[in-house]
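Since the structure comes first, as structure tokens, the remarks are kept for the end.
Chain nomenclature is as follows: A, B, C and D, assigned in order of appearance, with residue numbering initiated at 1 for each chain independently.
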């Protein structure tokens, strides 16, 4: 089983040199900590920054320089600022090579629900709906089950949808799965996790075929 | 009767302090020479310049600084450059207070034809269709008749239309007319021009009512 | 046509009860602090506010919420605000949630004279309810409309007396599109300079879009999530 | 993923016969001189060129017309070009004339992932033939679509090795929107600098949109209408 950092670490293996990447709030943000040495990856923050650097040292903190999570950040050589229309323009026109998002639920057709829980105060979708509707390459980072032990990888999402058929890959604490026309296709197992564990924790259509590898981190 | 400079001079009287103005190629361009002393008028050039200055002195010529007529120009303190999408954005969203254009023909409903003569090489409409479709306040500067002595102020345009119902005022060598629901309403006569002269030279519906003044220049 | 006004009070003097305002900023970054303070002082009521967020309890639009000046918020994300939540649950406040990119593009469309456009965000979700959908190149899109607002209120870093604006860092965010989108646009700036002092190549919003401009004072620039790393 | 290429020949090496290209520039101002020269040298044929103008007989896209490399021009204005006229009248060349603002917005839409939008330009004219029309707030608009081009070729003043671009004066014109609109974007620049040398606030096109960048050489920057006033 992976912890949050393990999930982030595994997702970081999907990065390629030259990628522009948008990392959602939460676990996805941790992916930035595992960019392989020497690989050039540029982080996009949808509030209007390309080339996001690490958190600032105390003396570098600038209220006019935050990320989409409203955290103070820094720039890097080659960074650029732009307005939010341009930012979502680059997202919608498919310039972002990889988008990593958290989710409350996904289903076996790649639908994602991550913005609203009926009965709870709805804070809003922020940029999530634009991201999921636009990105060619979305990886979801999530726990396989909720706190009650119920699967979050479903036949049908029970929560209001953020986007349809957009998730291509999911990395959970248990495994890596591609989402294809046939459903959740198991590709890799986390250390100490069995196929049986995944079966038990997955509600949607599950495809177990071909080589299922041990996850490398 | 007015010459080209006279038409430009009369149109300049429509300017107000603080106006943003787009002047078309030809006679409209001459309006810039008659901006009243002390009045602050900003010229917009649709290729991407606000605050167009006069032609450069020889040593100031810059190939990267031209107007929509492709002429070398200068900037003024407070000028700004922008891309063509932003430029037509400000045109379409009605930020330009006054647009002055030439025309081959107009009709008594304010339609304008100024881009195409069937049978001749068509060079294109450039920004004219955007300007006429967008501007709240368009004045046409034109000769009242063509070289054959035929009226260019018509019941129906014979040439392909640039825009429908957009011209509000026309200043010709003979007179100033407002275009209202009733047609061409004569307001002012150029020096030495009679109502009869205007009647003879106007093909479209002509309204002669109320005070008709002598033009002041 | 003097664009320069003395202060926020003068700039907002035309804003009436019941109007629709756009307010720039993302979170608390790049918000028009002076104008918000003046609106709170003036007590203008029943406002519809288009702004990506709604501030926090004691800062930004949150200050207007405290005074119950806001009838409706049009935003993409409204967390971090207990008073907001209270008013929403009690029915005192209406909220319309819009995907962030759609919010940005609806502002941009207003400033560009584009009445409507197609965007993929929200297709298949409750955001799409009642909206026209259409397929382009095998993908589904929604028709969205330009915003219609009485005033846009933005915060820039530098501005000149002609209304030209330059923003700093991520304080740019929604400010440029909103500046271009308002029927009347108010810009508050940290530095107000004379024409010619800003480089014409570097201007983010040309002055034609700005009706009133003033030099703001006492910027707090509150930070919502102060994240730092240790060392120096 | 190195974006920097040695020269125009390398930058355009992927451009094939029959492709659709966007070429930046207004008149002869801000045109990608080096890339055009390389295309002439390469002799790529049957190109569809989206560009506001078509150059003059012996400069700009006119050079490609001389070599009969262009099948179709999509422009707003194509005067000042005798060879163009000859090819058009003889049926060798197709031309599609589009209002300048619509041309700009169709580029912008492509770069912004907006497949279609409504604009008022051309309503009631032959430009509207076959197009969907719709009324918004009492005014009529046409539905126009984003351009679909294989390559965009633009000219900037300064660029860095990350692909960030800054334009100068009115040489900006269509270049930024086209840079954002191409499936693959080539930028030639007068000055190519290292990351960090350009101010992040002053960048007109973020590097994410640019695939290949090179330092151009021997810019002629021909002036179409050299208008001067006497004195000094």
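As a working rule, contacts are C-beta pairs under 8 Å (C-beta built on N, C-alpha and C of every residue); 3 or more make two chains touch, one makes a residue touch a chain.
Bear in mind that the values here come from a model prediction, so they are computed numbers and not experimental data.
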{"item": "Contact distance in steps, from subunit A to subunit B", "value": "2"}
{"item": "Longest centre-to-centre distance from subunit B, chain (CA-based)", "value": "A"}
{"item": "Whole-Å separation of chain centres (CA-atom averages), subunit A against subunit C", "value": "28"}
{"item": "Computed distance of Cα centres, subunit C from subunit B, in Å", "value": "36"}
{"item": "Where subunit C touches two or more other chains at once, by residue number", "value": "105, 112-114, 119-120, 167-169, 200-201"}
{"item": "Multi-chain contact residues (two or more partners), subunit A", "value": "81-82, 85, 88, 91-92, 134"}
{"item": "Touching pairs - complete list by chain label", "value": "A-C, A-D, B-C, B-D, C-D"}
{"item": "Residues of subunit C touching subunit A in the complex", "value": "26-30, 52, 75-79, 85, 88-89, 97, 99-105, 107-108, 119-127, 157, 167-177, 204, 221-232"}
{"item": "Sites on subunit D touched by subunit A in the complex", "value": "1, 110-114, 160-162, 164, 180-181, 194-196, 200-201, 203, 206-209"}
{"item": "Residue ranges of subunit A in contact with subunit D within the complex", "value": "16-20, 40, 42, 44, 50-51, 75-82, 85-86, 88-96, 134"}
{"item": "Sites on subunit C touched by subunit D in the complex", "value": "105, 109, 112-120, 134, 136-137, 139, 141, 145, 166-169, 200-202"}
{"item": "Subunit A to subunit C touching residues, read off their complex", "value": "45-49, 54-59, 61-67, 69-73, 81-85, 87-88, 91-92, 111, 121-130, 133-134, 160-164"}
